[in-house]
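Shared between the two complexes below is chain A, which has chain B as its partner in the first and chain C in the second.
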Partner chain A sequence: MLSSKTKILQLIVTLSACAFLLVPTILSVMAGVTANYFKGISSGLTLKWIYRVWELYADSIFLSLWLAFACLICTLIIGLPAAYGLARNPGWLSRLLEEFISLPLAVPGLALALALLQLYGSMKGFRASWTFILVGHVLYTLPFMVRSILAVLGAMDLKTLEEGAATLGASPWQRFRDIVVPNAMPGILAGALTVVTLSIGEFNLTWMLHTPYLKTLPVGLADSYASMRLEIASAYTLVFFVLIVPLLMAMQWASARAQRIAK
Partner chain B sequence: MSNRTFIMACLAPLLVFSLAFLALPLVRLFLASGEGDAGWAIYLDILRKPRYLNTLILTVLVSLATTFAALAVSTTAGMFLVRNRFRGRGTLLSVLTLPLAFPGVVVGFLIILLGGRQGLVNQLTPNHVVFAYSALGLFLGYLYFSIPRVLLTVMAAAEKLDPSLEEAARTMGASPYRVVVDVILPGLMPSLIASGAIAFATAMGAFGTAFTLATDIDVIPMVIYTEFTLSANIAMAAALSIVLGIITWILLLIARSLSGSTVAAGG
Partner chain C sequence: MTLRLTNTAKTYPDGTKALLSTELSVAKGEIVSLLGPSGCGKTTLLRIIAGLEKPDASSEIWFDDDNVTTLPVERRQVGMVFQSYALFPNMSVRANIGYGLKMQRLSKPEIDARVTEVLEMCQLQPFAGRAITALSGGQRQRVALARAIAPRPRLLLLDEPLSALDASLRETLRDELAILLRKFDITAIFVTHDQDEAMAIADRVAVMSHGRVVQSGTPEDLYRNPTSAFVAGFVGNAMTLRGRVKGSTLHLDGGVLPLPKDGTGQTVFVRAEDVRIVEDGPLRGKVETVTFLGTHYRIGLSGITAEGLASIHSGQTAPKVGTTVHVAVEPAALMLLPEEAGAA
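Now for the complex of A and B:
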C-alpha cells in the first residue's frame, strides 16, 4: 500500500477530475429548467424552455433518431457479412482492408466530409437529401460494427464449427445464419449500441454535410448555442443528455460483456 | 455456391461502400489540394505563410498541453481507482467516462457554462473572468473529452500490473516517489504512449469544440472550415485536411500497435 499521504493526493486529483466533468453538466441541466438563469435558481423552476425546444427543434430530434436507425441497418447489412468474411479469410489482405475501413476513426470528420463534398457535392439530388448525411454516419460508425463483431468471431474456433456443420450437409448460407450470427450476437449487440450512440452524437461530419432543411440534433445544438438564449440552449442539451446517457451506459455494458466473451 | 465465393460475396458490400465513399473521395480530396493557383507547392505554403504556420504551432501547443494534462490527471485517477475498492467507486468511474459520448459542440457549451460571460467562474469572481473563448478555454474543452479516453486505456493497463513488484520495491526501502518512477510508470509506459497519442490526435482534429469556443483564436480545423466556407479556398482546405489526416492517422496507428484499443477520435 502506498502511504496515506500519497493516497489522499490521488483521491483529491480523482475528485477534482470528477468535479471538472460533472459541475458544468449539472450547470447545464439546471440552466435548462431555471426560469431565468441570470437571476439564478430563485427565479423558479420551469419546463417552459423544454417546451420551447420541442417547438423549435422536434424535427432535428426525429431526424437524428431516424438517421441512427437507418445507420444501424446499413452497418449491419455491410458490417456483419464483412466481419465474417474477414474472420474466415485472415491474411495481410484482410488486415489491409480492416485498416483501410478504420481510417474514419483516425482522419478528422471534417476532412472526410470535405472529401465527400468534393466528389459528390455537384450531384444536387444526392447532396440535398438525408441519404448524404447517412453516408457520412455509416462511414464513421462502420469500423466500430466490424471490429466489434470481428473480436467475438476471432475468439472462437469458427473453422471447426463450420466444418462440423458442413459435414452434416449445411450450405454456406445455413452455416452463416445458424452458427455465425447466433455466436456473434454479443459483438452485434455491442456494435449496434455503439453505432446508435455515435450516430446520434455525430457533429463533425454532419455539420459539413447538412442542409438548412436537414438539421440533426447536434447540428441543432450548435445552432442554439450560437443564436438562442442560454436557457433554451441548456434545455436542448438536457434533452440530448436524456437521450444519450442511457445509450452510453448500455453501450459500455454491452462492450464489456462482448470483451469478456471474446477472451 | 462454394465456400470461397460465399466469403467473397460477404466482403463485396464492404468493398463497394468503402471504394465509393472512402477511397474515391479521398483521392478526389488529394487531387483538389493541387488544383489551386499554387499547384502542389501549396503544401510548402502551409509552412511558409505565417497565418497557417502560426495556426499549426498553436494547434500543436494546445494539443500537447492537453495530452500531458490528461495523462497526469487520468493516470493518477486511474491508478487510484484500480488499486482501491470503496463505496462510490463505480459512481466515480461512471462520472469520469460520461463525456465519451458527448459531441465536441456540447463540450464547448459546457466550457462556456464554466468560463463564458454568464459562466460560473464569472459569477463567483469579483473581477469578471471570462476564459472560455481563449486558448485556456480550448485547452479545458480538449481536456474534458481527453480525460475519459486516456483513463480507460490506462486503467486497462494498470489492471495488469503486478502489485507484488511495488511491494518488493517498498520492502527494499524505495520511497513512494521512486516506486512510481521506477516501477509503476515503466509498467504503464506502452499504454501511456498509446493514450497520449490518442489524446493528441483527438485534440489536433477536434472541430466541434473549436467551433463553439474558437471565435477569437485559430486552430487547424477552424482554418480548414473557414478556408472552405468563407474564402472558398478549396485547395488550401483540402491540403490542410490531408496534412491533418496524415498526422492523426499515423498517431493512432502508433497508439493501436501499442495498446490494441479502438477509440474514436471525435471531438
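Now for the complex of A and C:
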C-alpha cells in the first residue's frame, strides 16, 4: 500500500519534471510551424517559416556542418596520436600532459575566446577566416577526443599486443594501423560523435570569435531571436533540433559502448 | 637454427640487474627450457633474444652466422608465445594466425593454404572463424602457438605458455605441447618456473637463479649431478642434511652417517626417495606425518636434522605417527655440494 503510494508519487515527480523540460520545447517548436503565433494554432499550420530560415540561414547551417567536419579531422589527427602516446608512456608526465590538454574544459569558453583574440586578433586575415573559429572549436573539443580514446586504449594491454605484432614482422606503422587503430575504434567513434555534437552546438566561444559573415548554427539562432519574428526563431529551433538530436543520441550510444569496452 | 649468446646482460634503467653476463647456446632443433624461480630473469633473457629488450653494451646475439644484436624485433623472424598470449582481439582466429604471413607479403591463396595447414596441425579447424573472446584458455594457448609458428620463424620463444591455465588443464596441455613442438621440428626456448614442465618438454634445461644460468644439462643430468645447492634444491627438491661434517662422516641430531668421500667444507643433500625406513638404520627419527599417495607413502620425520626430513616409503603399511623409526641412506645417494653464498 505504502509502496504503491510512493510509486505514484515518483511517477508524478518524474512526469512533472519531463513536462517542465518538454512543454517549452514543444511550444517553441509549435510556434515554428504556426502561421501566426499571436493568433495561435487556429491560424493554421505552415512550413513557410522553415523555408524562411533556410533562405536566411542556410549559410550558417553549412558553415556549422563544415566546421564540425574540419574540427573532427583536426581532433583525430592530433588526438589519436596524442592518446596513443599517453597510453604507451604512462607516468606522472603523461598524467600532467593529459590534465594540460583537458584545461580548456575548466576554462569558460568566453575566456578561451578572449585569449585567442588577444593572441591572434591582430592577424587580420586569420581573424576574419573560418579557420579562426575552427581553432577555438579544436581547443575546446580535443580533450573529449583524447579522453575517449585513452579510456579504451588504457583498458587493454596495448604494449604486449604491439609486441606480439612486432614479433610477427609488423613495423611500427603497421602495428599502429593494424592493432592500435582497430582496437581503439569504439573510443574513436564515441570521441568523434562527441566532437561533432559539441562543435555544432558550441555557442559561448563561437559567439566571441564570429564575424557578421561567419555565423554558425547556434550564433544564427541567437541572431534570429534578436532580430527576426518569433515564428522564424522558433522554426530555427526546430531545424536545430532536427540536426542535433540524432547526433546526441548516437553520441550517447557510442559513449556507452566505449565505456562497456573500457571497463 | 643455432642460437648463441655471449656476454649478454641486462640492466634496467632503474638499476635492476635482471640478467648478469650470460653465455647460452642452443643447437639446431633443440628445445631448451629456462627454469628458475619467479624474478630470476627468465623473461628478460627471452625478451632480449626476441629483440623486445635492448641488452647491455657488451652483449652479442648470434642466429647462425648473423649477428642480430642490433636487429629490430620485426626483422628477427622469431615466433613468440606470450604469457598472456597477446592475441589480437580485433581479428578472428584465422586472421590472427595469418597476420605474420600477411606481414611477409605472401599472396592470399598462399596465406590461406598455410593457415589451414597450421590450423589442422594444432587441431583448431572448428574455431577458425571465431572471435578470440569466444575461446577457452586452452584454445587461446593453441592459437597463440599457431600464430607464432605460422610464419616459419627461425626460433620459437615461449614465455610460461601454460601458466595462465587451470592446474587440471595444464598437465594435458603440457604433454600436447611437447608433442607439437617435436612435430614442428623447430629450435625453441621455453621459459617456466615449474620443474615438471621443464622436464616434460625440454631436451635440455638451463637452470637460472638471480640473473644467471647456474647449470644446464639434460633433465637426468641435472637431477643426478647438480653442481650447486640451488640446483639440487630446485630440481628434484633435495633436502639439506644439516649437521657437522668430520672427515667422511656426518654427525646429525639423529645419529651418524657415513659419507662417500671427505666432506669437509661441503653441504650434504639427499632426496626423499633415498631416505629409507629400515630396521637397522643408523639414524633415529620420530614420525610426524604420514601421507598416503597411492603408490607410496610420504613420511615426515623429525629429530634427524633441524629442517625435518621426508621419506618416500613404498611398503604395504606405514609406521604410525609418533613412533620412532630407524632410517638409512646409502652413501652413494648423498650429494656433497659446496655451500654457496646467496643461493636461494
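Note that in this section the second predicted complex is superposed on the first by the 261 of 263 C-alpha atoms of A that agree within 3 Å, B and C clash if a C-alpha of one lies under 4 Å from a C-alpha of the other, contacts with A are read in each partner's own complex, and residues count from 1 in each chain.
Keep in mind that, in the parts below, contacts are C-beta pairs under 8 Å (C-beta built on N, C-alpha and C of every residue); 3 or more make two chains touch, one makes a residue touch a chain.
Keep in mind that what you see is a predicted model, and the values were worked out from it rather than measured.
Q: With the two structures laid over each other on chain A, which partner does A:N183 touch: chain B (first), chain C (second), both, or neither?
A: Once the two structures are laid over each other on A, A:N183 reaches chain C alone.
Q: Which one hits more chain A residues, chain B or chain C?
A: B
Q: Is A:L161 touching anything from chain B or chain C once the two structures are fitted on A? First, second, both or neither.
A: Second partner only, chain C.
Q: Under the stated touch criterion, which partner chain does A:S171 make contact with: chain B (first), chain C (second), both, or neither?
A: Both partners.
Q: Could you tell me if A:S43 is touching chain B, chain C, both of them or neither one (first, second, both, neither)?
A: neither
Q: I'd like to know which partner A:S129 touches here: chain B for first, chain C for second, both or neither.
A: neither
Q: Looking at the overlay, does A:T211 come into contact with chain B only (first), chain C only (second), both, or neither?
A: neither
Q: Counting only touches as set out at the top, which of chain B and chain C does A:Q118 meet: first, second, both, neither?
A: first
Q: In the superposed arrangement, does A:A82 touch chain B (first), chain C (second), both or neither?
A: After superposing on A, A:A82 lies in contact with chain B but is clear of chain C.
Q: Please report the chain A residues shared by its interface with chain B and its interface with chain C.
A: Of chain A, residues 171 contact chain B in one complex and chain C in the other.
Q: Using the touch definition from the top, list the residues of chain C that touch chain A in their complex.
A: 50, 52, 72-80, 82, 84, 86-90, 99-100, 103-104, 147-148, 151
Q: What does chain A use to touch chain C in their complex?
A: Result: residues 156-157, 160-161, 163-171, 174, 178-179, 182-183, 185 of chain A touch chain C.
Q: Per the contact definition, I'd like the list of chain A residues that touch chain B in the complex.
A: 2-3, 6-7, 9-11, 13-18, 20-25, 27-28, 31, 37-38, 77-79, 81-82, 84-86, 88-89, 97, 100-112, 114-116, 118-120, 135, 138-140, 142-144, 146-147, 171-173, 176, 197-198, 201-204, 207-208, 218, 221-222, 225, 230, 233-234, 237, 240, 244-245, 247-249, 251-252
Q: If we count contacts the way the header does, which residues on chain B are in touch with chain A in the complex?
A: Interface residues on the chain B side: 1-3, 6-11, 13-15, 17-18, 21-26, 28-29, 32, 73-74, 76-77, 79-81, 83-84, 92, 94-106, 108-114, 118, 120, 143-144, 147-148, 176, 179, 201, 204-208, 211-212, 221, 224-225, 228, 234, 237-238, 241-242, 244-245, 248-249, 251-253, 262-267.
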